[in-house]
Each structure stands twice: as structure tokens, then as C-alpha cells.
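Shared chain: chain A. Partners: chain B in the first complex, chain C in the second.
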Partner chain A sequence: MLSTLLSAVAFGVVLASIIAIAAMGFTIQFGLTNVLNLSYGGVMTIGGYVAYLAVAHGISAWYGLVLGAAAGAVATLVIGHGLLRRFAARGTKVFEMMMVTLGLGLVIDYTLQAISHNNISQFTVLQSAPLHLGPVTLTPTQVIITAVGLAIFIGLEALLRLTRIGKALRAMASDPSLARACGIKTSRIVVFTWLLSGALCGLAGVVYIINAQSIGYTTGELFLPLVIAAAILGGAGSPSGAILAALLMGIVTQVFSAYGNASYSTAAGFGILVIVLLTRPSAVLSKGENEELALS
Partner chain B sequence: MKAARLKTAAIVGAAAMALGACGSSGTATNGGGSGGSGGAALTVAGVIAITGASDFEGQNQAGGILPAIYAINQAGGVLGHKLVYKGVDTRADPADALPAVQQMLATTHNLVMVAGPGSNSAPTIVPVLNAAKVPMTAVAGESAFDRTTDQYFWRLFPPDAANGVAMALWAKQKGYTRVAVVFGTDTGSQGDKPGVVAGLKALNIPVVSDINLTPDQPTYLSSVHRLMAAHPQVIMTESDAATAGTFFGELKQLGGLVPIIGTEATFTAPWITAVKGALGSSFQQAFTSLITAPSSKTAAVTAFEQAVTADKSQVPKPWQSYLNNPFSITYWDGMVAVALAMNAAHSTKPTVFNKYIPQVTNPGPGKVVVYTYAQGVKELKAGKQIQYYGASGLIDFNQYHNSFGNQEAVGSNGSSQPVKLGTVTAKQIEAVPVTGVQ
Partner chain C sequence: MSAWSFYISTLVVYFGVDLLSGVALNLQYGYAGVVNLAFIVFQAFGAYIAAATTLGPDTGAGAFQKYIFGAHLPFPLPLILATLGGAALAGVVGLFSLRRMRRDYQGAILLIVSLIAAEIVTADVPMFNGSNGLTGVPKPLASLGLGLQAYQWSYAVWSLVIAFAVYAGVRWLSRSPWGAALRAMRDQEVAAGAIGLNITVLRMQAFVIGGAIGGLSGGLLVQYIGAWSPGAWGYAETFVIFTAMFVGGLGNYRGVALGILLVPIIFLEIPQFLPQIGYPGLIDSLEWILIGVLWMLSLYFRPQGLVPERKNIAVGSPLIPMGEGTRLASLAGGITGRAR
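What follows is the complex of A and B.
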């Protein structure tokens, strides 16, 4: 019984690591720009496909991680700085911008569908014998995924708290007008945020397909609800909140799978989101009343 | 605070609606064959999932129906009419399927037959097509159609329970006494599950673990752990390809891989590719599937293979995968049988030729056995009664318009080429007293 619980918690941590990498990227971008970017799932899939192609051409999976992150960064910069900024300049509001990103996400999905001919491609890398950690059995890949998630969280927190650009990013997320008045070059911060968010998005796509061992054109789209849920649950702009929310959702999902009907496990994870939204809305809406887009 | 709460609810609600909208779309059409000389072209509609997660259903159909239309048109068409194919996309969702079919019925001229529908939309669509008096060759295993009274419904495919009972019989033959069932929560997989469970129950084989998998999750580790804790000797399964790849990949990595017996739906190129990729060299040893027994190499099989090869530029890639695809072969046989029925009835009106379908397929005294459309037309013109023996084997519709034969246990050498392991006969299946399957 205890063994099952410990295993479920460990598996929840693995799942949380995958969710958290994506959610941290999503929440930083959402916290700063106020754009609920629904093309994020599509960019995740792009990152995954780039890594898949890299590995298929004999490149190491580790470089695949880097290339996937780079592809995500470039794609997100094109979307955010190249397209969304123009919409914002024309007075597009929060909800309208969300619909624009939804459309962009569909464009990405259906383009990938056409290119991939609807096929599901296998991505089997970093396979080796399982590790027995007391009553818990994990694969080295899963341990690596968890370590990557933790390393990104630590790096991101350090970036935000210890560097000038991180402090500027936090200042702008808190009050863009005041940040601008203080001499912060906000347009550069926005570009940096798109790049950072995109890199994490692409990286999350690669980590996802390493664990799932396959990729299709809907991979990121199907994962996006979990990412958005964790980002909202954790509070906009808060990597630590995102990782805690991801842990909560991951562990609840896996414990539910272990003890209940696995087909309801994902619903149970989202149930947490609903309960928190109903009981403590202030805890999940750290952005307060700021409804302006901040894209320049 | 209230404003903040409303804003949050609005964003989440809008996001949920927007994401939900991603999963549905309208219809699609797809050309195949060509209208030609003689009378106006007759339309064969393929009511099936062409896009979406179940798009393989449309590929399986195209792999059989398009070559059939090609072969029939090459043989001069039906009573001077060429056949054309029109794809109607159900996206495996009744909510998409119903308006698409209604639009098809309202706008399609000379509709003579529907190929499909598949499992997901059949309960919704079959009554509509039956009311419209359109013959359909359904590939839907739901047991609700085992004793249907819908006169325009024809099924050349085993009901789900038959496949499930065959899987249970095969497990018993192999001496397995502890079985785990692992099924996706998608409609197609859940539709096949009761037959498997009922078959195991009828043969007194205990189910030690019953796991449902929500499709396309990034991990199924807890479910894998739960399955391993039950120590099954064999897993009976069906799910979509991506889900199966993830689940069995994690099962193998954690050291819990045991033999796998898949339903007929698992013996498709996407599923085999996904699970083979996840299991590597263990795949061939671990995997068995129970499929409708392919016919011995008759002239019907040769005709099917030749037509697929000749029409390979029209079917989805890879065209070779349809040569042994039980779904494609079933669609081929359905099309040929309906076309022969039109010839036998001297009519392209569904209300006239529908009752001729069993007359040109079922065995009977004095009937000439034919294996191809051209051969059948020739014998009919000579005034003979015919029995079309299909590429899938004997076709013998019962009073409920169902026809199915033996099941075959097959392995895979990594491609979609089946490697025969044994046979479970239709008589063995019928002898198992299955109860509780809706």
C-alpha cells in the first residue's frame, strides 16, 4: 500500500516536471505580456519535431533538446514580436488577442498535419535499465526529466532574482508604465521574454516526446490544457507557483490513477483547478486588475 | 475581487471553449475513380473519420473502397454507370457526423451506397441512413447491430464480441490464467472492451487488472505500476497508437512487459509502428492480434491486390499496408457485393437492389461461385445465379444482415504483414455462451 503511494507520488513528480517546464515558460510570458497564448501548444510540437528530425539525422538527443528549445524560441519570437505586437499596436484587446493566438495555433497544427501526413512518429531515445529507488522504480530518462525540470526552476528563479534583466522583467510584469518611467527598455524585455518563454516551450515539447516516445501533430495541443491550468493555478508570472501547481496536479493525477479509475485521473487534476478557482480566486490571479497588453 | 474572479472565469471558460473547438470541423470530399461514359455517375459515399485522431479509419477505407471503384470502373462500371467516391468526414464524432451526413443526403445525386460508418458514429448515423434507404457496408463492431432489423444495414465484419471471444479462446489455448485488460477510453476501444471481458468471463479466466487509459497523456506510470502489481500473464488491449506507444514503452522500461493480445483494431500500420518503436526487438515476441481470418489465396485476393497496386497513387501512403488490412479488404468486398447486386437487380435504385445483396453473396444450390466483379457480371449476363466469394473469404449474411467467419491469431514481423500463428473458428466462437454484451 505504502509502496503504491510512494510510486504514485514519484510518478506524479515526473509528470509535474514535464508540465512545469512548459508552465514556467507560459506563466512568465503571460505574466509580463498579459497574452493568453493558445499557440503555445503548437510551438511545443514544433520544438518536438525539430528534436525528432535532429535525432533522425543522427544528432544526439542532448543536442536535440537544445535545438528544440532554439526552435521554440525562434517560433515564439516570430509569433510574439513579429505578429502579436502588430495586433496590439492596432488596439487589439485581451480576449481578441487570445483568439488570434488560437488561430495561429491551428495554423501551426494543420501545417504540421500536412507535413507529417498525419503519421505518429516514434521517438525512442535515452533508453536504459530501470533504477530501483527503494520501493519506487523509475527509468533513468524519468530521473533526467525530473532533474531538468528542477534545474530550469532553479535557473529561472536565479535569473529573475539575481540578474538585472530578471529584475527588470519582474518590474515590468508588476507595472509596465512605472518600469518604462524608470528607464527600463521595456521593448527589449518583451523580446527577451518571448525568447525565454519560447525556449522553455520548445524544451518542454522535447521532454514531452522523450517521455511519451512518440510525436504527432496534436501532441502540444493536447497537452496545453494541463499547462494553462498549472500556470493559472500557480499565479501569472510566478515560476515557483507554476511548479507547485504542476506538482499538485501531477501527484493528484497519478495518485488517482493508482487508487481510483485511471480514466478519471486527468479530470481529477482539473478538479483541483476548479476547486481553487472557486475558493481562492485571489491566489490564482496575481495580476490584479491589469488588463492591458504589454507587447512593446 | 468580484471583477478579478469574473475575469479569471472568463479566461478559463473561453480557453476551454476555444480548445474544445479545435477538435471539430465539417466535412471533406475526396475524389476517387472518375465519372465517365454512359449514364450519370453513381456516388459511393465514404462516411468515416477522414481527419482527427481516428483518421486511420478513413485511410483503411480508402485502401479498400478506392481500388474497388477502380476495378469496377475498369470492368465497365455498373449498368453503364461509372462509380465515384465522395468522402464524408465524421471525425469519429457523432456531433460532426450527423450534420455531415445530413448535408450529404441533401446534396448528393445518385447516391447508391455508403461505405461505413465506423464504430464511433454508427449508433447515430445508421438509423439516419436506414431511414433514407441507403445501403451501407458498416465496419462497426457494436453488438447493438448483432440483431439489427435495419434493412439497409450490412456488416461483413465480426461483431466486437466475436473478436473478444476469439481473444479469450486464444488466451485459454495458450494456458493463460491471469489476464489484464488495458483499453483506451475512446469510443472505438471501449466498444471492443465488453466483448473481451465477456469472453474471458464465459471461459472463467479471471481479469486481474482492468485499466482504462485516457488517450494522449504524457505518462501512464501509475497505471503501469498498478498493472505490474497485479502480475498478469498476458495483456489484452486496444487503444489509439500514440497511447499504446507511451503505455507499453513505459511498461517495458519498468520491466513489466508480458505477452500482448490485441484486438483486430491493433493490427494496423500506425499501431504496430508505435508499439514496435516503443518495444524494439521485444515486439515480435510479445505481440499477437486476433483478426478476421484472411482468405486463402483465391482469385478474389489476387483481384484485390492487383487493384490496390494499380490504384496505388490514389490511396494514402503506404499503399502496401492495405494489402493485408482487414478493414480495407472488408470495404472492397462490400463494394463489389453491392455493385453485383445492382447488376442482379438490373437497377441502380437502392430500394430495388438492396435485397439482392445476399442473393449475390450467400451460398446456395446451383449458384456459380465468382471471385471478381467482372466474373460476376459475366455470369449474371449469362442468366446464372452467383455467389461472390470475397477477398475476406466466404460471405454468408444471416437474417440480421451480419456475416463473419473465422478469426486468426497473427503476429507481426514489424510490418503490417500478418504472420499466422493459429485459427479460432467461427464455430468455436459461437459455442462460447457470452452474456452481458450490449
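What follows is the complex of A and C.
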């Protein structure tokens, strides 16, 4: 009984690492630009497909991670810098921008559907003997995924706290016009943020499909609920908040599917956000509606 | 019966169903400002309820499809239950999604509701038969023994009657003081609260009425097509109605009817007449891509739609002296105005 619980918690931590990689990318970009980017799920799937094609052509899964992250970064830069900036220049506001990214997500999803002929591809990578850690049995892949998640969190915190560009990023997230007045080249920070967020998004897509061992055009869209819920719950722009929220969601999701009905496991993770909305609505009121977009 | 007569009558039924959706979304989004990106879930719920309460009880382990709420109810009852079901579901979803929060958060949360609902219904087979869905829903009033052509056109007229009755009812509601209060809330929430409007209740009322219409539209649709599965209500279906609303014009019922005619009917039916290209299914994907592009283009070029909402501001009118009250009223989006 206890070992079931421990296993569920361990799987929860693995799932949390995947949610966290995606949610950190989402929240950094959201905290800085104030765009609630619903095309994020589509970009995750793009990253996943690039890695899948690479692996299918005999390239090592490790390069697949890098290629997926690069694809995500490029796609997100094109979306953010190429497209959303034009909308903002025409006076699109915070809420309308979310609607724009929603339409964009639709375009990405169905372009992938057209390219993939609506097939779900199965594959296996990095398979080797499972590891027994006490009562818990994990595959080496799962351990690697957790390690990648942890490494990214530490790297991101170090970037934000210790480097010049990280400090500039935090300054701009809290007050764009003051940051600009202080001589920070805000347009460069925005470009950097799109790249960073896109790379994490693509990476999360790759890690997700390696864990799920299948990919289809809705892969990212189906994972998006947990990512957005974790980002909203953790607070916009806070990687550590995203990590905590992701841990909570990952563990609740997996414990729920071990003891309850697995069909409802994603709903159980989302249920945490619902409970927070019902009991502490102020938790999601961190920023005002009339906040400006910061895209240049 | 000629193929054309069949085809046109089918389009008329679809127009009725989509017009119901458009009216419901326009009330929720155009008037109350609630971004219901989960609209299709309410339609789907209504459709499942109407299907299950027409099909009769699923007879245990041997049944070829499994579902809850199975019953053999006579004709109008399944539609009424579908309407009530949509309203009840809206009440539940509204409890957490209508909290005071940023509107982009609200949109994201309702989108998540739509994604998760589809995931649950697909995975939880005993509920509504999973991804295979429910099939063989009997046609209502088949006992009357109408011929195919007569039945088709009767159903088409029936769906138009329902759609225009609801259209007229909701337009009347929107022109009432209640509708003015909704617009006041949408444009200036704080000011509307300050003049004594109960924001939470207003928003919930609009959401539940919209959910009821959504349920009704689902019931009407499933009794016509006779089958319903998660493939029919992907999250993207909501966008068709939203795009129609953007194309036609927000907060404006004639505009919405025009948008419904242009987008889901004309625009999405044209491909039927084009030669097949690529593999089967490619045209479907391209249609969705075009819907997304159309959606973005309408946000880029005409965020207010083809037929914009008339501004109803009575400030400085010679009949109404310009006092603090009128200033507040005009801030609140034109308490004195009328909807078209």
C-alpha cells in the first residue's frame, strides 16, 4: 500500500518535471510581456515533432532534445517578434492578444494535423533496464527527465539572479518603462525572452513525448491545461512558483490515477486551480487587467 | 427526393443550430463580456442528454454502447432536458470560472475546461461510450410517417422556428434594462457595481442562459444527425462561432446572424464543391487553418466586426441635463441606450 503511494509520488515528480519545464518557459514570457500565450501547446508539439523526426532518422535522442529546443525557440521568436509585435503596434490589448494567440494555436495544430496526416506515431527511445530505488521502480529515462527539470530550474534561477541580462529581465518584468529609462535595451530583452521561453517550450515537448512514447498533433494541446494551471497558480513570472505548482499538480495527478479513476487524473490536477479560485481568488489577481503589453 | 433538396434542408438545420450558438455566445461575450471558450461543451452536454434520453436505457453488459441517463422519453422532453442540462452545467462551471479575474485568465480557464471535458468523455467509456460516441439516436416523431422530403423540411422549419424564437427572446432580453445592465457591466465593471448592479449575479445569469441555449442547440442537432461523439465537439468548434461573431460584429444580433450565414454555412460548405485534393482529411485540416487565419485577420483589421455595435451614449443630450448621474451612466456604457 505504501509502495503504491511512493510509486505514485515518484511518477508525480517525473510528471511535475515535465510540467515545470513548460510552465517555467510559459511564466517567464508571461511575466515579462504580459501575453497569455495560448499558442504554447502548439509550439510544444512542434518541438516534439522535430525531435521525433530526428530520432526517426537515426539521430541520437540527446541531439533530439537540442533540436526540439531550437525549433521551439525559432517558432516562438517568429510568433512573438514577427507577429504579435505587429498586433501590439496596431493597438491590440492584453485580452485581445490572448485571443490572437488562440487563433494562432489553431493554425499551428491543424497545420501539424495536415502534415502528419492525422496519425499518432509510436516510438521508443533510451530504453534500458529499470532502476529500483527502494520500493519505487523508475526507468532511466524518467530519472534523466527529472534531472533535466531540476537542472533547468537551477540554471534559470542563476540566470535571473546572477547575470546582467537576468537582472535586466527582472527589472523589465516589474516596470518596462522605468527599465527603458534606466538604459536597458528592452527590445533585446524581449527577443531574449521569446527565445528562452520558446527553447523551454520545445524542450518540454521533446521530454513529454519521450515519456509518453507517442506523438500526435494534439499532444501539446492536451498537456497545456496542466502547464497553464501551474503557471497561473505559481504566479506570473516566478520560476520557483511554477516549480511548486507543478510538483503539486504532478503528484496529485499521479496519486489520483493510482487510487481513483485514471480518466479524471488531468481534471484532478486542474481541480487544484479550481479550488484555489474558489477559496483564494486573490491568488490569481496578481496583476491588473489594464496592464500594458511589453513587446518591444 | 433530390440530393439538392436534402442538402439545402440540412444546411437550414445547421443554420438554425449555429444561430442558436451565435445568439448564446453573443449574449455571453458580446453583452456580458464572458469569454466562453468552452461553449461547445454545453452544446455537447445537451446533445448527449438528448441522445441518451431518446435512445432508451442501455441494457447492461451486452449493450453495444454504454451511457448514463438512458430513458425512452417522448419527443419534446429530451430537448427540454438538454436545455436544463446545459443550464445546470453552466451553473457548475460558472461557479469557478466567473470569479473576478483578468479576462485573459478567464478565457484560458474556460479553454482548459473544454480540453479536459473532451479528455474525460473520451477516457471514461461508461459515461457516454467514449470516443465511439452514441449512435442510432431515433428521429423524433418518426411515428407520424412523413416521407423523407417532408420530414427533412419539417425538421428544417422546426429548427428555424426554435432558432428565431430564441433569437427574438434573447434580443428582447438584451434590449431590456437587464441587457443594459449587462453592457454596463461589460464596459465599466467598477462603475456598474457602484450604481448598485450585482455583478456576480448578472454574469452568472447571462452564463446560465447561454448554457441553456447551448444545451438546446445540441439537442436539436443530435436529434437530426442521430449520432454524437467527442470528434464532433473538439475545442476548435467554439472558434467557428466566435469567428462568425467577430466577422459579423459583437453585441449585435443581426451582425451575428450574418456572420453565422457567412462562416459556418457558406465558408465551411464551399469545400464540399471543390475537387478532392491530397489525402482524405486534408481539406478538413485546411478548413481549420483558414478559420484560425480568418480569426486572426478579423482581430487585426476589424476588431469591432463588419456591423459594429451602435454606441449609445446620451451625454449632453438636450433632454437630459448633464449631471453626475448621466456621466456615470455614460461611463457605464450607455444605460439609456438601446440595442439593435
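Methods note: the second predicted complex is superposed on the first by the 286 of 296 C-alpha atoms of A that agree within 3 Å, B and C clash if a C-alpha of one lies under 4 Å from a C-alpha of the other, contacts with A are read in each partner's own complex, and residues count from 1 in each chain.
Note that contacts are C-beta pairs under 8 Å (C-beta built on N, C-alpha and C of every residue); 3 or more make two chains touch, one makes a residue touch a chain.
Fair warning: this is a prediction, and the values are worked out from it, not measured in the lab.
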Ask   = Is the arrangement of chain B and chain C around the shared chain A a clash or a fit after superposition?
value = clash
Ask   = Looking at the overlay, does A:Met98 come into contact with chain B only (first), chain C only (second), both, or neither?
value = both
Task = Scan A:Ala114 for contacts with chain B and chain C and give back first, second, both or neither.
result = second
Ask   = Which partner does A:Ser187 reach: the first (chain B), the second (chain C), both, or neither?
value = neither
Request  = For A:Leu106, decide between first (touching chain B), second (touching chain C), both and neither.
outcome  = both
Request  = Considering only touches as defined above, state whether A:Ile232 meets chain B (first), chain C (second), both or neither.
outcome  = both
Message = Let me test your reading of the model: by the given contact rule, A:Ala8 touches which partner, first (chain B), second (chain C), both or neither?
response = first
Query = Does the superposition put A:Gly216 against chain B (first), chain C (second), both, or neither?
reply = first
Ask   = In the superposed arrangement, does chain B or chain C reach more residues of chain A?
value = B
Task = Using the touch definition from the top, say if A:Ser60 reaches chain B (first), chain C (second), both or neither.
result = neither
Inquiry  = Contacts for A:Arg90 in the overlay, against chain B (first) and chain C (second): which applies, first, second, both or neither?
reply    = second
Ask   = With chain A superposed, which of the segments 62-70, 116-124 or 350-358 in chain B collides sterically with chain C?
value = 116-124
Request  = Jot down the residues of chain A that show up as touching in both complexes, chain B in one and chain C in the other.
outcome  = 36, 38, 95, 98-99, 102, 105-106, 109, 113, 117-118, 221-222, 224-225, 228, 232, 261-263, 266, 273, 277, 281, 284-285, 288-289
Inquiry  = Residue numbers of chain C touching chain A in their complex, please.
reply    = 35, 37, 95-97, 99-105, 107-109, 111-112, 115-116, 119-120, 123-124, 235-236, 239, 279, 281-282, 285-286, 288-289, 291-293, 295-296, 299-300, 303
Request  = State the interface residues of chain A toward chain C in the complex, per the touch definition above.
outcome  = 36, 38, 86-87, 90, 92, 94-100, 102-107, 109-111, 113-114, 117-118, 221-222, 224-225, 228-229, 232, 261-264, 266-267, 270, 273-274, 277-278, 281, 284-285, 287-289
Query = If you look only at chain A, which of its residues touch chain B in the complex?
reply = 4, 7-8, 11-12, 14-15, 18-19, 36, 38, 95, 98-99, 102, 105-106, 109, 113, 117-120, 122-124, 127, 129-130, 137-139, 141-142, 208, 211-214, 216, 218-219, 221-225, 228, 232, 253-255, 257-258, 261-263, 265-266, 273, 277, 281-282, 284-285, 288-289, 291
Note = chain A partner, complex, touching residues on chain B are 1, 3-5, 7-12, 14-16, 18-19, 22, 51, 53, 55, 59, 185, 211-214, 216-223, 225-226, 229, 241-242, 245-246, 249-250, 253-255, 270, 273-274, 276-278, 280, 316-317
